[in-house]
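Next up is a structure, given as structure tokens.
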Amino acid sequence: EDNYVVDAKKWKKKGPYTVALCNISVVNSWRVAMVEEFKYEASKHKDIKQVVVTDAANNVAKQIADMEDLITKKVDLIVITAPPTALVPAVEKAVDAGIPVVSFDSVVDSPKVTVKNIADQSEIGEQLAQYIATQLKGKGKVAMLTGIAGTTPGQMRYEGALKVFKKYPGIKVVGQVWTNSAYDQAKRAAENFISANPDLKAIYADGGPSGYGAMQATYEAKRPDIIVVGTGSNGHFNLWKKWRDSGAKVRSFAIQDPPGDSAVALALGMKLLRGQKVQHIEKMKLWTCTDKTLDKVARPDLGDDYINSTFLPEEMKVKLWGKK
Amino acid sequence: MEKVPITKETTVQTNFFRRALNNPGMPIYIILMITWAIGYSVSESFRSPGNLPNLMVQTVAFALAGLAQTYVILAGDVNLGVGGIISIIVCGAPFLMTNTPASMIGMSLVLLLIGAAIGALTGYLLIKIKVEAMVLTLAINFTLLGFALYLMPFPDYTKIIPIDFIRVITGSWGPISYPVVGTVVVAIISWYVLYRTRFGLHLRAIGADKETAFRAGINVTKVKIWAHTITGFLAALSGLFLAGRMGTGDPTAGATFSLDSMTAAVAGGTLFNTGVGSVAGTLGGAFLIVILGNIFNHLGVSTFYQYVFRGALLVVAVAGGAIKKKWQDKAK
Amino acid sequence: MARQSEITATAKSSTGVAGFFKNANNMKLWLWVATLVLIVISGIISPGYVQPENLLRLLRQAVPFGFIAIGQTLAMLTGHVDLSVQSVTVFAGMLGSTYMMGSDANLLSAFILVAGMAATFGLLNGLGITKLGINPFVMTLGTGIMLDGLTMVFTGGATKGTASPILKYIGTGRLFDFFPVSILVWIIASVLVVLILKRTTFGRKVYAVGANKKVAELSGIHADRLIIGVYVISAIMSTIAGFIVCGYIGTGTLDLGDDYKMTSMAAVIMGGTLFRGGVGGYAGTAAAVITITALTGLLTILNISEPMRRMIYGAIILAVLAITSRSKKE
Amino acid sequence: MQEPFLKVTGVCKEFPGVRALDNVSFECLLGSVHALIGENGAGKSTLIKILCGVYQPTRGETCLNGSPVRIEHPDQAAKLGISVIHQELNLLPAFTVAENLFLGHEPSKNLGAIDRGQVRAKAQELLARVGVNVDPDTLVKDLSLAQKQMVEIAKALSQESKIIVMDEPTAALNHNEVEKLMEIIRNLAATNHGVIFISHRLEEVFQVCDTVTVLRDGQLVGTKSISELDMEKIVEMMTGKAILGTRVDGKNPVQQRKLLETRNLSAKSWFHDINITVRAGEIVGLIGLEGQGQREFIRSLYGVVKTTSGQIFVDEQPVTFRNAKDAIRAGLAFVPEERKVEGLCLVLDLLQNMALPTLKDRQRFGFIDVEKERSMGKDLIAALQVHPSNPMHKANNLSGGNQQKIVIAKWLPAKPKVFLFSEPTRGVDIGAKEEIYQLMRSVTDQGAGVLMFSTDMGELLRVCDRILVMYEGHIVKEFRGTEATREMLMTAQWGLA
């Protein structure tokens, strides 16, 4: 799809504004942080008078209904993260009704979406896989823990990783399971893989907190030799640091799409409303953590679920994830 | 306890109001009216003219799935495979349909028959494997969702529903859209089938007391399999509508409908294992699911509290019917 | 009397080995057979998998499920059902870790506080079902959704704090560096539950109320109170499950990988408890919990696609249900 | 001789652990009434269920009109012209009378639509035929037990069958309704139908039946014409011994101690200002037409029906009951009339059933003393001669009389002061009835009191020390058991002086 500059005049509108976040669900910490980022960003704009957040509790039909409700409610801007195809008609209806739509994270797949805020999901998978391949020098058994089955981001990360692994004939993927991006399921799966494959060399975990679950499994099995890569959560980083600092040779790597994408999306939307110049497609920067940056990234004072790439100010981090 | 001396005449008043009041779907309508009144008085955008037509369209998928579930609950079972069937139809539709009228009509029929066949198979397994329907259909649902994922591992934008099909699903006569009319027609037919035909009477009799129905010479196996077949058919109809509304497939689209369909039916006054239920009540139950989300959106209620209210209102909706029944039993 | 002797004869034959297989109540046996088959298959696929060490790990994974299924077994034995188990488990893990803040000093008070709140919802379930006559299915589904909301209201949706060291030890620690502590906890709980169900007046009342509530009431049992009590116990069992998950992964989580409200029902029924109540017990449920966990484990290590995995999972559960239901028939 | 319309030969039926029927042959002619009798558990109902396709026989064959048939489904039985009134009510409470009457064979128009006009008309006609005066659109749950039974009978008549089987149709009926039923049966026979009639009330058998077949322990004892039989002969065929229908009196005279007393007890519309006493060692009977408040009165004494005014005394102490538990604590025990609904947990075993009211007495810290319980169970089963005698047997598989013994047995360890019985021998055979009467006497001999409600006048006359008659919610008459006669009770029941 071609990138272009969005017609600034078309969406210009006088404030104060009502802005909406149309969300599929708040099922995990990343999404919670994402909603908070959105609200925090909104609070920085004096001309926003109301913020509406809808939540479809994972029901696609409900999210379509939510979109229709937002149209009836005549909000001034909709920021959406949704199943990319199912919401196409609803989003187009909104745009046709004169409401600009900015989509991010799981981006709605219609050319009519006013601004697309794309984080390259495939690249997440590629980078994680590349780290493993490089460290293993192209040889060894790898187990894959992927995110939520049937979702586009999950699929794109998985395919990105496979693309890299295919380049190394010496790398053998011994199994892949969808973990629902849940700690407990990821940890159980990792345990089962470690048990079944005594010569396992690495665990690839691209779904939310599943990397933490995987690293707990290697830690408890006393197997620092198994590489664990993931999208990273504070628990992962804390354990990595603790284990490394105790003298073990731990190799790990993490890459995240920051939950602040929602804030960026809102900011871009506000530009539209104010008649400023905005690109149709904005690429989002990914965030990484390596052995070198680990000391700065890990936050033992915050909860395991803390999303380290968040832009939120310190006091909000403490309020949301603080251990006190 | 009964106290009806045999010498005295006992007749039941069959006037309209009494019947309406005794309809198991009554409490849901009272709750709907209260909910409506609250929404109407509190939110300006809720009052806007576009809202009601919206609400009606949004109800369609839940209503059809709820009606599907009503048949089997009335027959003394339950079918948690409804969500799986919807997912399979939603994922299958874009593969099968092309943008010619013949293809769209033909393939719609094929998809409906697939739904019906899955339903029939479910019914058959339930008869063969004498396990509680709740659990057996749960396992079946798992298999069906797996199959949907096989058809479409992720939302695939290259697989789209023909535009004319979408036009039909999203089209309308003025404020009344075609699917809403279709749903009402399905509901009326369902009412007729369930309450005016021998099949419907037999179906409800089985739900009320299988042994008695069997002894009365009713072919329990046949009726149950047919009930599940209709359930599969209506679930597929709900899936077709969803597919048209989304314009594409999505393997996660149906998952929540297994419970949602049951919520619609039960909130609408259909009771487990009694053969007692109400088609109109199911429509009301589906409407309640939708109107709650709608009001929350219009009021801008925090998502966290939305869950709390949604749960509470579900309980209150069913409590209404339960309390009414308790009170009637006591008055006797 | 001629018939009398026949009865004793058949009664005798059903205690023999052949009778054991025929005995109506022995789905448990079939479940153990199923588990064994699953483990043997796993062993053929990857020989390392069936070492005692790894089997213990597998068993450990079943523990939270096992606790949730205790509550579900009790509820279903009384002829009811509890769909709020999943929500309570999440609630307990999230609030538990928030109140605990990683400190052992807070562990007990956090547990009591959270269990108290969960029990309140159990009470609400029980009261709504017995006093208002609300269908158990909808009542517990509704309170479950409410709890989902409250979890987020109380925590803001984010986990603060972590599991305390003792809880982590319970969740992941091993006795003598070998035997997982959580399995021991589960075994103790299971033995207690089986004993309580079979040998105490409370257990008897559970069966009686499930078999026929009216009869139980006319025999002087406060059936409503008992049902309310069962829901409170179920809430507390799910709280324990939530804490154990918290100890296992080190923190509370909004998202459990499995849908325990449905699988717990499946486990209870596979284990031979009648949906209408009055027949069954926890030993069968526990066997089913282990079967399902072993099945999930096996499917994990097989290198097949997710759709296949799900279809196989569904099909195997169907098959086990078919076999167990056959052994239930005479 | 006329060729039998229906004939079964060499039928066997086995249930796990039980042979319910052993090589039984039986035949039924059109235009006659054939009685099928035997003790509880003799296999009567089982034979009937085989005739109508509910069960499949293990062995044996059925012939209809001379040609062999296999009846595999109730539907098929109906088509072959056999309809059955089962021992248990087979009505759907939440459905209308009309729906119930034609269930399975509704008159229909095209496309399977029910012809509601025809249903209504036919229903009214059928209801009139059995003398039940209700609107066909009434819900069955709003009917009295007797009305339900009559609807059940009308349902069997609705199929226009050649053979009509009635399994204990009179158990819930009062005298007048029984008369009405007898008339219907005679009419059926006169119009060339065959009727198979099962009852434990032998008078009824003598009233209408032409032929009698007796079963015992699943075996055929014999088939005889009624003219060859008298009461003693039948009883002997059934039980293998002679039973005398004489009075069952207590060993000791009634004591002065008032165990149960009510003063001006009333409950809403059910009954008003009732004053009764039950003394130690006394059996007090209660009789009344259907719906005169007697059932509710007995239940109110057990805390199940709420009273609105008045006072109950147990052992001369005033008491108030909020529920059954309070009543049990005060020393009452209740044996309800519908044992399968209110008396037994059918899926539990005998021991668990018998232990239920007295769980507390054999426990420490909530744990049950299993040894003590087992021996209690064995003793009770031995004392009451329950068959089968295995305490681990499921209550479901017992015959009616043995089930009733268990319902009574479960109260014995509690040593109640007063037993409240509601229809203690409904559906119970002669032999077991006798045992139950003896049981009632043995508890009164040990100082307890009994208040029993029954519709069986003969039974009240045989065991009661006093008989109270209830009419429109009041006690209208009191008789001494030794002085009362059927005629006296009958006139009093109708509220005539």
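Here the chain labels run A, B, C and D in written order, and each chain numbers its own residues starting at 1.
Methods note: contacts are C-beta pairs under 8 Å (C-beta built on N, C-alpha and C of every residue); 3 or more make two chains touch, one makes a residue touch a chain.
Here the structure is a predicted model, which is why all the values come from computation and not from measurement.
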Label of the chain whose CA centroid is most distant from the centroid of chain D: A
Higher-contact pair (C-beta pairs counted), C-D versus B-C: B-C
Centre-of-Cα separation between chain D and chain A, whole angstrom: 71
Chain centre separation (chain B, chain D; CA means) in Å: 43
Between chain B and chain C, centroid-to-centroid distance (C-alpha), Å: 30
Contacts with 2+ other chains: residues of chain B: 149, 153, 303, 306-307
Shared-contact residues (touching 2 or more other chains) in chain A: 26, 35, 149
Chain D: positions in contact with at least two other chains: none
In contact (per the touch rule at the top): chain pairs: A-B, A-C, B-C, B-D, C-D
Footprint of chain D on chain B - complex, ascending: 1-6, 9-12, 14, 192, 196-199, 201-202, 204-205, 208-209, 211-219, 274-276
Contacting residues of chain A [partner chain C, same complex]: 26-29, 32-33, 35, 149, 173-189, 191-193, 195-198, 209, 212-213, 216, 220, 235, 303-306, 319-324
Touch list for chain B against partner chain A, complex: 45, 48, 50-51, 54, 57-58, 61-62, 149, 152-157, 160, 166, 170, 242, 245-253, 255-257, 260, 290, 293-294, 296-298, 300, 302-303, 306-307
Chain C residues touching chain A - in the complex, by the definition given at the top: 42, 45-46, 48-49, 51, 53-54, 57-58, 61, 64, 97, 101-102, 152, 156-162, 172, 245, 248-258, 296-297, 300-303, 306, 309
Residues of chain D that touch chain C when the two form their complex: 16-19, 217-218, 302, 304, 323-325, 328-329, 334, 336, 341-348, 352, 355-357, 359-360, 363, 366-368, 370, 387-390, 392-393, 410
